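Structure, as structure tokens:
To keep things simple, chains are lettered A, B, C and D as they appear, and every chain counts its residues starting from 1.
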Amino acid sequence: MKKSFASDNNSGVHPDILKAIEKANSGHFVSYGDDPYTDEAKNLFKEVFGEYTETFFVLTGTGANVCALQSFSDRFNAIICPETAHINVDECGAIEHALGVKLIDVETKDGKLTIDKIEKYLHFKGDQHHVQPKLISITQATEMGTVYTLKELEDLVQYAHNNDLKVHIDGARIANAAVALDCTLRSLTTDLGIDILSFGGTKNGMMIGEAVVFFEKEDVKYFPFIRKQNMQLISKMRYISAQFIPYIRDKLWYKNAKQANDMALLLYEKLYNLNPEMIVSRPEANALFVRIDKKIAEKMQNERFFYTWDEMEGIYRFMTSFDMEKEDIEDFVGFVASFF
Amino acid sequence: MKKSFASDNNSGVHPDILKAIEKANSGHFVSYGDDPYTDEAKNLFKEVFGEYTETFFVLTGTGANVCALQSFSDRFNAIICPETAHINVDECGAIEHALGVKLIDVETKDGKLTIDKIEKYLHFKGDQHHVQPKLISITQATEMGTVYTLKELEDLVQYAHNNDLKVHIDGARIANAAVALDCTLRSLTTDLGIDILSFGGTKNGMMIGEAVVFFEKEDVKYFPFIRKQNMQLISKMRYISAQFIPYIRDKLWYKNAKQANDMALLLYEKLYNLNPEMIVSRPEANALFVRIDKKIAEKMQNERFFYTWDEMEGIYRFMTSFDMEKEDIEDFVGFVASFF
Amino acid sequence: MKKSFASDNNSGVHPDILKAIEKANSGHFVSYGDDPYTDEAKNLFKEVFGEYTETFFVLTGTGANVCALQSFSDRFNAIICPETAHINVDECGAIEHALGVKLIDVETKDGKLTIDKIEKYLHFKGDQHHVQPKLISITQATEMGTVYTLKELEDLVQYAHNNDLKVHIDGARIANAAVALDCTLRSLTTDLGIDILSFGGTKNGMMIGEAVVFFEKEDVKYFPFIRKQNMQLISKMRYISAQFIPYIRDKLWYKNAKQANDMALLLYEKLYNLNPEMIVSRPEANALFVRIDKKIAEKMQNERFFYTWDEMEGIYRFMTSFDMEKEDIEDFVGFVASFF
Amino acid sequence: MKKSFASDNNSGVHPDILKAIEKANSGHFVSYGDDPYTDEAKNLFKEVFGEYTETFFVLTGTGANVCALQSFSDRFNAIICPETAHINVDECGAIEHALGVKLIDVETKDGKLTIDKIEKYLHFKGDQHHVQPKLISITQATEMGTVYTLKELEDLVQYAHNNDLKVHIDGARIANAAVALDCTLRSLTTDLGIDILSFGGTKNGMMIGEAVVFFEKEDVKYFPFIRKQNMQLISKMRYISAQFIPYIRDKLWYKNAKQANDMALLLYEKLYNLNPEMIVSRPEANALFVRIDKKIAEKMQNERFFYTWDEMEGIYRFMTSFDMEKEDIEDFVGFVASFF
């Protein structure tokens, strides 16, 4: 069976994750997270992010973002994000629906938020006519396949904190970012002073499960209520928690993301050799953006589906997954080549 | 390991469900429900509930209720439910939070809504000062362990429809109700004219997964948006759908609920023999309510946890699960007996 | 023209209020409350309630309640109130709509909340499955025409504060209550430790305008945003503020409420003489509840409208207004007498 | 006393409006709009906009917009508007707070929405991951002082309707637009197929009061509930309605707006003569945008307040009001001239 380059969530579940689920299926445990699997998984997160951090498990990426952002925003606040942000474009308005706050989305070319884009919205601070910016939300790796450098993040966090803004990372693909930057998860988050993190699992080899990581103990006080009322508290929690055990303990997060990133690079190299015109930019994580003539692209999509990213510009996205091998790339490149 | 009588969600996953998950873990599939497992599961629901019904899969019982109720309510509507309803008491205000509507909760002794309780709230219809009742929401089997008879449901539905109210069933334990009534799922829902159903899976041997069943095609039009913005759309949907395949096809829903109900009856009989004073009422589904002296109950709870139902009245709840056997009941009765 | 006994908002505007509006209509002033009329009115409130209090003007009673309650509640909180509360019954779900929180309404006979009714909802504190009670909201004078004594309020406030609950008074008719209790507004609020007050103007001789009074400076920090986003900030604020100047400075609040209360008592006495069976109870503020045969009541309502309070019980409400005189009462009693 | 060029809401109330309020202050009337003043005012709106239209009175411009937009949007919808829109910038997030929907704001230079800006957001239609655009909201005259031509509106409405989008006009200054275009209110709205209108009163000589105009009878069905739950239903409605009687019947809307527009033109001409460099563009309604050196502007603002429009670009706004005369303009021009 051909593997899909449409999205990293078209893949299945890593065998070790499945084994962990099976292992958790023994006997009765208290529900809603008061079980040994959840304890173990939460402790593993402390080892990764630091002893003062607190982690909670939720069900979907959108759920992680909503719960994380509710934790730091009041009803009259605004959240500043890039216009490409998943929370802005791909969550059917979940943030506005659940939180009632405004997303201030700023134009970007590469999916990255920059200080100069934030600045003009801070003039509104203190004026009763305007929503009050309280958070910035950035995605790492971004929806455009780019990765913020540690220096870029450091500057953003410093600017945000100087201006009384909290920093949220949508880390649906934070593993891919850490691999791309060749750094630890902690150096990407805790060490930079990030305030809250949506930590992705599903796109990188898990079945169902995301985590919300808090970096200050006092911030978590109301999170259990926030998670429950946003429909993210599952009764048989152990089956989510159990997945995170090998994912963190055995560094599956790293191995899976490394494989996906490597395969994206291989795909890039081979397509570049095929036709350098096609390439929009060298992939930084596991997404490659290519330029294809619309008619050809449509023929290709009919055979093997992938996403149109910018219909006007004729840009398409190929994503690699944790379970792809060299042969999958070669096969796909052959498929692409057959259209030219 | 001792099995828990605290709740039916303390149990694990039925082996056939786990096998179905494993089987689904092969290769790549389009995400968000456009996969063959989801197609198959949805078709199985049509076989059970009728060809005009449409089913969508969601993640939690609270999520199923929120999405179902959003589908039929506008922002100025109210939903009438018993005060004991899960949506009223146990969902941390998810309905009010996500929908912004009022729950009108009416007093009940046995968890059942009755026509005379609804009546007085219909005087408000058409008056701009009052929220407008649009739905009644009932739980079957109820949170009090009781089961509406088919006649009771029929009367409620007729009354509701005559008064321009839709009928929602919170069916977290609808399997236990069908077993208790010895009727088909269809005769409990479609045949009675129910408008929308939260169909439970997790409490009856599944891992994660609930379904929302619509009985009229035109009602589903906006459900995909509602599900997404309420954080109930999982990317790797096949792992939810796959669980429903044996659950429906192999009548696991029936077998599991039958076992749980039978064990509740066995527990009742044995405890009745031990001490008839202890029994509040004969169980109709898989919950048995008992009266225990507070001090004794606390000692018992320290050893094997179960829920206090009414602290004032000294009433406690024992729940049986799909995976309990005669020996589990005997063991638990022995445990209880040791305190007297 | 006959005066209406349907509600105290059927009356017009006191001539001194109208004069104050006319006086404010001279020249240009900065909008949204940064004008000398607003300053003066706010200072008058400080004189009444204490120098540490802060007052904001809003447009409607529902608006005052929503803004007041938003100031003290987070999205997962609940507000405990009597089932008869205006916020629960008469505001078309504004609280749930604007705040997304649950109202826990408790049964009462006389419209008063009591400690024993609150108690059972505090068991839920700290449990993630349940909304968290954060406020109690009481109405003074109540919707049932009764008035909490100072001792009753003192006990409620103490109980609430001991249990980490804030106390909100819906004071749409607080003037009538102060008159009834023969006490100052301060002794009814500030001195008892009330946390926030919706202070009514419209029902007692003003044209449009209510106030929200805070008793601790730090609580007001975000109120300007809350008022604006709840559509309660009027641009030409001076015309609201100007009304409060004679209302407070010249004790119009007292004179008007005294007249309304006195007339209610006179009405009661005369109807009692007519037929003691008709009387439900002696009025404490400006509402008199009477028992009339349904058929007769309908005939009366066709000629001069008044509200049915309890259709089942055949109870009706007569309200007196600030502008009623002895002759209005005699005329109305004559009207009533003509039906018997 | 000097008149303010900061905003048209710094002015007071037209004497005829005040007289209408005084006249309404006679005796008792049923509250909440069931009174003869409201009937008369509603009928006058029918005469202006057409016999099939229905008008409701509300309290604030933000309230009018929220209620109007709630009438046509479901919780998963989006509203497309210019980034300069009052609903987007100046209402403290009221739309997101009250409705939970997303505002998609598009960049504009002149405050006008254009078809090419809408187009890209329609690709999302039908995709469950994206909020569904349901309305466009435009402001006439715009916040940038510009006025859509009838042809521009006609094209926008046709495009919107062809794409299943409703059209809302924020008409806080629709009177100024009608004067600028020298057309009737009906030709600007009903005749173009507009779906709903926020009709402003306060900025053009009224005290408090806006209207929401519906153009199809079936659309109004739920508006009374929407108005009430959004805190826009005033009990003593006659005092709002009464203002609209001379405003519509005596064409005060026209006279007032004509005067304000004429004075803006006079101001423009005189400042152009003083220094043509200062002028950003010729005013179309009653707002003039000027370019001033920041330091000078600050000195001016200290003496007579006016708003900074674009701090980066050094652009400031002067607004004229209905009650300004030639002498006020000359005085203000003299004031400006004294700084150069």
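Keep this in mind: a contact is a pair of C-beta atoms (placed from the backbone, for glycine too) under 8 Å apart; a residue touches a chain by one contact, two chains touch by 3 or more.
Model, not experiment: these values are computed from the prediction.
Participant: Based on which chains touch which, give the shortest step count from subunit A to subunit D.
Facilitator: 1
Participant: Quick check for the class: compute each chain's Cα centroid; which one is farthest from the centroid of subunit A?
Facilitator: Farthest by centroid: C.
Participant: Quick check: how many Å separate the C-alpha centres of subunit B and subunit C?
Facilitator: Each chain's C-alpha centroid was found; their separation is 42 Å.
Participant: So how far apart, in whole Å, are subunit A and subunit B when each is placed at the average of its C-alpha atoms?
Facilitator: 33
Participant: I'd like the Å distance between the centres of subunit A and subunit C, where a centre is the mean of that chain's Cα atoms.
Facilitator: 50
Participant: Mind pulling the subunit A residues that touch 2 or more other chains?
Facilitator: Only 75-76, 91-93, 97-98, 100, 128-129, 131, 225, 228-229, 233 qualify.
Participant: Where on subunit C does subunit D make contact in their complex?
Facilitator: So the residues of subunit C in touch with subunit D come to 1-4, 6-7, 9-13, 18, 21-22, 24-31, 59-63, 66, 91-94, 97-98, 202-203, 207-208, 225, 228-236, 239-240, 305, 321.
Participant: Along subunit C, where are the residues that touch subunit A in the complex?
Facilitator: 32, 70, 74-76, 99-100, 128-129, 131-132, 222, 224-229, 233
Participant: Taking the complex as given, what residues does subunit C use to touch subunit B?
Facilitator: Going through subunit C, the ones touching subunit B are 75-76, 78, 89-93, 96-98, 100-103, 107, 120, 123, 128-131, 311-312.
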